[in-house]
Every structure is written in C-alpha cells, then in structure tokens.
Amino acid sequence: MKVVFFGDVVGETGRETLREAIPKIRSLYQPDFIVVNGENAAGGNGITPKITYEFLRLGVDVITLGDHAWDQKEIVSFIQDEPRLLRPINYPPGTPGEGHIIVKGNAKKLAVVCAIGRTFMLPQTENPFLTAKKIIAELKKETPCILVDFHAEATSEKIAFGRFLDGEVSAVVGTHTHVQTADETIFPKGTAYITDVGFCGAHDSVIGREIAPIIYRYTTLLPTKFILATENPRADGIFIDIDEESGKAKKIERIQLSLPSS
Amino acid sequence: MKVVFFGDVVGETGRETLREAIPKIRSLYQPDFIVVNGENAAGGNGITPKITYEFLRLGVDVITLGDHAWDQKEIVSFIQDEPRLLRPINYPPGTPGEGHIIVKGNAKKLAVVCAIGRTFMLPQTENPFLTAKKIIAELKKETPCILVDFHAEATSEKIAFGRFLDGEVSAVVGTHTHVQTADETIFPKGTAYITDVGFCGAHDSVIGREIAPIIYRYTTLLPTKFILATENPRADGIFIDIDEESGKAKKIERIQLSLPSS
Amino acid sequence: MKVVFFGDVVGETGRETLREAIPKIRSLYQPDFIVVNGENAAGGNGITPKITYEFLRLGVDVITLGDHAWDQKEIVSFIQDEPRLLRPINYPPGTPGEGHIIVKGNAKKLAVVCAIGRTFMLPQTENPFLTAKKIIAELKKETPCILVDFHAEATSEKIAFGRFLDGEVSAVVGTHTHVQTADETIFPKGTAYITDVGFCGAHDSVIGREIAPIIYRYTTLLPTKFILATENPRADGIFIDIDEESGKAKKIERIQLSLPSS
Amino acid sequence: MKVVFFGDVVGETGRETLREAIPKIRSLYQPDFIVVNGENAAGGNGITPKITYEFLRLGVDVITLGDHAWDQKEIVSFIQDEPRLLRPINYPPGTPGEGHIIVKGNAKKLAVVCAIGRTFMLPQTENPFLTAKKIIAELKKETPCILVDFHAEATSEKIAFGRFLDGEVSAVVGTHTHVQTADETIFPKGTAYITDVGFCGAHDSVIGREIAPIIYRYTTLLPTKFILATENPRADGIFIDIDEESGKAKKIERIQLSLPSS
C-alpha cells in the first residue's frame, strides 16, 4: 500500500501548492491514499469547512489537525459531521470529532491517527503515549496498516513516540515545526519514521510567514502583523510503502516538490 | 575556504565517532577549519578541560557550546584560559570566556560565533539578534568569513535568525535539537543555512540516550536514569565552501557519516 | 469539623518548624485533622519514608505531595504501602499510590485530595479538572467533607479550579508557590479557597533557599549550589471550619506562625 | 513620603474602581504620590492614550505597564510623548518610551521604575536584574526614594529581585498575577516588599475575567470568548511610607478596598 502524507498546508499559497502537487505526486508515486495536515490551511490559522471540502475534492483521503485545530470556531461543530477531518486523539474526553479513522479504497484499509505532543506545546492535552496505545490496539483489529501524524515540537518527544510505536503501526510522521528533517528511517520492528515532514506553502519565509515582520518582532518585541508569504511554493511530504499483510513499512522517502511561483 | 562543522558530540560514543570521522572528513572535504559543538561531550552534560584538549588535538579549531555550557563546573574558570572554547555570546555581560573567536590557518581567517536562542529554552539569555549584530559588525572588520552556530529549539527563531544575518555572515548553522534537518540552503544574499546539523553519537537512541528509559518517563513520569546509548554511531555535520573575498557561501552540503559500531 | 493545612514543608528547618507549630496550633484551633504538604521535606526535594513516619507521629493525618513527589526514588514503592501519603490524582493511570484518601477521627470523616496544575508546570500530567471531578463524585458518596490541595503555579488555573469545585468540596487550598496569598475566602456555594497557603521553613530566604546563590544565578546564569536557608522559621497554613452535615465551609483563616529561630 | 500603588487595573470595572478608590485612599492615606499599573485597563488588553489621560486627571502620577504594554498599538508612538507612562526598562535597547521617571510634588521627588520578569513570561526580555541595577544607580543620584514595579510570574524571581534591590530602593512591589500576597514586609536594609499587589477590578472572577468561559477552556480546550467580569469591584493596592532622607521604607500596608457594585 502506497501512502503520501503532506505536511502542514499554510494559507492560500499552501493550498495552491497542494492543488498543483497532487497530480504530480499521483503520477510519481501512485498513492493509494493521500493524507494532509491542514491545521494552517485557513490563512495560517486552522481550517474551514469549505477548505476541508476543497481538499477532499482534490482526492485527499484524510485531513489531520494540530494545535490550531479550533482556530476557526465553526470547525467545532463541523468536525462532528465530517469524520475524515481529525483532531488530536489526546484532546480531553468529550471533545467533538474524532482523532482516528479507517479509510478504504482499492480494496485496502488504512487507519489514520492524529496525536499531539506536550513538550513546549499548548494547549495542554492528555498523555499522547497512553492514549495512542489504547486506540491503536483497537484499530489493529481492523487493519495492520496504520499511519500516525504526531504533531509536536520537541525532537526527543517525537522520536520517543515513534520508538514507542515501533512495530505497532506502519508509520509515525511528525508535523508542527514546518521544517523537514533528514532522519527518515524504518525502525527495527518495521515502523517508518520521520521527525518532521515539513510544510506546504511559501518557503521564502519563516515557516510560511513573511520574514521581515518576524525579524522585527524578535528584535523589538513590538506589535506587528504576521502576514503569509507567497514566494517559493513547495510541497513537503513523505512517501511510505507499506506491506499490506504485516503493516510493516517497506520504504520511506522524503518529498520536496518545488512548484512554479504563483 | 572549506569548513566542516559537526553537531553536538554526545558522550563517549560521540567522542569516538568524532575521532573516527575527522580523518575521513579530511580526505573527503579537505576542510581548512573544523568546528564542533561540544556541549554534550562529557557524559551528555557539558565538556571538561580534558575533552577540550582531546578535541583540539584531533585538529578541531573551535569548540562551541550551548545550554549545557556550565554543566561541568570547572569549565567556568577553564574557559577564560582557552579562547577556542566558546560559550554563547548572549550570556549576561560579565560572563567568563568569550562567544566568538577568529582562527587562522593556511593564510585564511575564519570568525566563529556561538549564540543561543530563547524560545522554549533555558537559561534565559540576552537578545541573540541584537547581540550577534553588534559582535558581527566588529568581526567583519577582520574577516568576511564568519560561521555562526545558533543553538536553539524553535524552527521559527532559527530561520528568522539565519535570515536576519543573511549577507552578514558566511553561514548560520543550527544545533541543539540533535536532529538534522533537510533544509540546507544558501539564502539570497549569500549566507549558507541549515536549521539543525544533528549530532555525533549513537543514533539508535532518543537524541543520544537509551530509548527505554525515555519512553518509561513519558508514559509514567516516574524517576529513571537516562543513560547514554552506544549503538549506531554516526557523525552529523555540514560542509560549507566560502568565497574568501566576499565571505559568501558557495556551497552547503549535509554530512551523515555512519561508522562501524564500537 | 476543624481542619488545619500546612503549606510545603521545606527541609530540616521546615520539619523543625512543623514540629514546634503543631502543639501550638492544636491549642489555638483544636483541629480534628491536620494535613501537610510534604513535597520539599527531604532537603527541599521530595520526602522519605522516615520523614513520612515522623510527620504521622506528630499527629499529621494526611501528607500531600506535588511536582517533587518522586524526588526521593524509594517513595515510588513506599507510597503503595502508606495510603496517608498522597501523590497527585492526575498522574498517569497506573501510577503507584493514590491521590485521595478518607481519614476518620472523632467520629468524623474527611476526604483529602491531592491534585496538580499544568500551567507553567512540569511534569505534564492529565487534566486536573476532569480527573478531580470524577474522583470527587466518588468521595462524596462517603462524606461531604472534602479538602483539596491544588498544587499549581498560575493564579488563573488555581482560581478556576477552585471555582470549578465550588459547592462540590469543602475547601480548595493552593500550594507550590511558597508565598501565602491574601485572598482567602468562602465562595458562594460554600467552598473555602486560598490561592496559596505558603510554606513551612526559613522565611529569610527565596522560598526556603539561601538568597545569595539564587541572586547569583539570576544575574550570571553560572552554576551554583542552592542551599536551604535556616533563618526566620515560620509555619504558613490555613484553618478551615467545615459544617459536617453539608460539607460547606463556615470559616477560613490564614496562619503565619513565627517560631523562635533554631 | 507617602506612596500608594494600585495593582493592574482591569477593564472598565477596574477603571471605575480606581475612580472611586482614589478619593477614599486620599483621605485614608494622604499619599504624596499615586502610581498605578495600567497594563489591562483597555478591555483587559493594554492601555489607550485616552485612558492614560483619564488616569492622570484622576491624580495618578505615574502609570506602569507589563507584558500587555503594546496590546493597543497606538501606545507605541504615544508613549514617546507621555513620560509618565512607563514600559518595562528591560525591553530591548531602542524600544520607544522609557521605563523610569522621576516625579516631583510637595517638594518631594519619587523615582518610579517599571521592570518585567522572565520566568514563565513572554515576551522574552533582557535581564531585569542587571538592567535595574544600572538604571537605579543613575536614579539614586537624583533621589533616594525609588519605587519599583516588578511585573513577574514566579515567586522565586520576584523575591530574588526584591532581595537583590534591598537597600538600593525604597520599595519593590510585584504585579501580574492579579492575586494579592500576604507577605508584605520591610527587608533588613530597608526596602519594602510584596510579591504581588493584586488587581483593581471585578473580584467575582478569574483574575478579572468571567469565570464560566475560563472553566470551559480548562475542561474542553475549545475556543471561547474571555469576557471581563463586573461583579465585586475591589481596588487592591499597597501603601508605603518612605523616609525621605534615607529612602528607606518605614511602613508597608496592604490595601483591599471593596466598593459598591456598579
């Protein structure tokens, strides 16, 4: 089973990048499933129902979120009607929506899980390790092919989480820092891993935003508007090939797809 | 001018890795200067005078530090006698030692600067942007070839810092997260940049330490001893080629040198 | 029902302070129960079995802990045998020991709960609000008289927690900052509340430790040993009078009992 | 010299509270100077020029700010024209406005300093200890009577800062947590100290804001609007009597002035 996962889509440039990237990725990788982290799709802050549908129409199978999940308030009710949009599993019990789903296609079944880290992160959530363990045990009854988006800041927490799930899931892919790491690997028990996939959007930027205002803030602490960048659109992602019988990863390959500037 | 910089050397395995890596790197890259971040060289915690001399004997020209600078208390006085050992420039005024140096060799001059970030970091230091700006202005009177180790956690702060110094220095290389990023680039005004170089040490680990105790801590919060890992030694570094006239970077190349396990 | 609660006992001076304070407090307040936060009793770091027994022999009924719960490693197994020593309820499921107990005496029953906050706090624990709600619902079947020690840093989290439990418990008393607040009150539905009770120990200090090394650290960031202070011993606590039928608080009174210096 | 300092004025209720409190305080304490922390005066977020003038018209001599200094953007330019409005001294060099002033009245001179802490605080500022030391040395040439508002979160940093300035200034009064502490004292070398003065505004609240939305956030992490509370207006402050010759504090007294509900 071939899966492509795209890192955080940032704003309009990110969405355009994704739109252009998907057909190219289809012909390059023939993915059975496409998963996208959409937590910054709406102007950098969360996602809207409209953008959700736009992504689904592009052929995205599942959209994961992160600390920006509720930035657009209407998502709180919308997520209850759209199971392909996932908020982190380790939000408090009773949180609207779900953090996992099993999607089917081409006679294949992929479980997708969205979890969020706690080190250097807000909001303060429940233990991601313990929550993931419980949910993954359930999902494994349905399919051995499981992809986990671990949306977190600290490398130690992310690697520990990946190692914790080694042999339990097909892949743990990190998001949130918006910088792709060069540590993609397959762990000893068969779980593909990367600390961070990167992001989809304008890369002449500070993680998707215009450079000058960010430098202004760091040097003055004065108020300034952080606007989204537009130059050097690139789609960062990861390709994973999974053995369908065992759920073990056979291959992991980093994607950095530069696109003609808008 | 060719420069190789190695990321945080972690413990005995890291030191052994460095020892084996340097001759190989010499024949591969013919570096004029070798710079190493040594903040975790002594059992993961800081550096000792003995290890400092060991590194210098290996041909290391400058050693940078980070948040672990003072883990070994004797370093506080030792650093005043050994100018090739750098603590962050943005420690408070009056701090022992220096955070910058100009080294010479092969009729070439390289300035090296060690700075530390503030986002999600302890200890709480002075503004790295403003401090770096002042010091770099001085160093530029001596040489246009300047390498900055920015030891920091958050990708946004690191990229902003790199962009802030674009055109002012030859290279900004990130350390501290112990995970190499895949975003090495040369910025428009000629500064080579990478968010994190990675680390030298055992890579079957959580950033250099044994996996099991770290997972135990994340899942139980109970006390446990974090011991250093030993398997899969690898030296993570970066190669930078600098135009000596202009100080602009001509090339940046990531290094991941796997070595036979001890 | 009369209850006296003492804030964090810090080191030897704190223990001596408690020893001298208890008889005085007995004659002043005739408490039915005495509860003490003991998280800093062993040299500032955690508590030992020996100190636990010492406190129980002094007539302490229940000892609560906080973020320093496991500083002394032997406590992890000891706590399973000593139900009067409480670690926070919102530690991960499976944590040794308990975070609540019902104690009896003088034909009275008091439930004591130990919870820990998350804002600006380590370690990262489960949601204290949701965990407390569940446990308190159980305890209320046994007794309406419930005292909660909320060990937390941020005033907003502490007040929100107190308001959240207003009418559900007899008292919410804050600990951890080691500074007594002047906001003791009884909330509209009958819960006595104070943001922080303060600490027992040497008050010519920075929250129990010698002043000079702390200032040295803040001004230099250099390594230094934080030693416990000894001057100006004072026991900070809170007296609460509870209506046994309803569990509602009738009175809350701050205690600052200065003792002759050792 | 008699000085009254009021803690953070929160929103409209806070301003009304201050308006009613000032005449009462005048007749109770006959202050020579009134200083107010105004960082939350404009709907909880910063201060406006209009509110600044309103406070000055009420007889306030100096207004201090804190982490909310720039919430209202127009303040960045306004502060350069109004020296009685102080932003923290340890904002980066080049920041608009000043963090200290000497005010005169009744043939008396009071220096007021506004500083901000770093532990658990944003934004990340320069070292408050070192910055304060330098500025206070200058101010002492003009007057020994110096009042410092230390706007900070952690009790250890606040007490260390107060002790650091003991004998150097007349008073260090803490703000930011919005909860008055019960540790007002005069340190051995004559500096009056309190960890936190509290706030002016609606006290049936979570530090000035409506209770229900805050609890909702802590229990669900879902988006909600934090609205300002209106019930139980109270002005929290501190009275300090200073010996004009020596600058040493003779008296410190906590103020909690409850006012008829609006």
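The chains carry the letters A, B, C and D, assigned in the order they are written, with residues numbered from 1 in each.
Quick note on the criterion: a residue touches a chain if its C-beta (ideal position, glycine included) is under 8 Å from a C-beta of that chain, and two chains touch if they have at least 3 such contacts.
Just so it is clear, the model here is predicted, and its values are computed rather than measured.
K.L.:
What chains touch chain C and also chain D?
P.N.:
The shared contacts of chain C and chain D, listed by label, come to A, B.
K.L.:
Please identify which of B-D, A-B or A-C repeats the interface of C-D; the criterion is that more than half of the contact pairs agree.
P.N.:
Answer for the repeat of C-D: A-B.
K.L.:
Which integer distance in Å separates the CA centroid of chain A from that of chain C?
P.N.:
42
K.L.:
Measuring from the mean C-alpha position of chain B to the mean C-alpha position of chain C, what distance in angstrom results?
P.N.:
Result: the chain centres lie 44 Å from each other.
K.L.:
At which residue positions does chain D touch at least two other chains?
P.N.:
92, 124, 127, 130, 219
K.L.:
Quick one: in the complex, what on chain D touches chain C?
P.N.:
Its residues touching chain C are 120, 127, 129-130, 153-157, 159-161, 163-164, 177-183, 195-196, 198, 206-207, 211, 214-215, 218-219, 254, 256.
K.L.:
Please name which positions on chain A make contact with chain C in the complex.
P.N.:
Listed in rising order, the residues of chain A that touch chain C are 92-93, 118-119, 124, 126-127, 130.
K.L.:
In the complex of these two chains, what residues of chain B are touching chain C?
P.N.:
For chain B paired with chain C, touching residues are 70-71, 73, 76, 91-92, 94-96, 123-125, 219-223.
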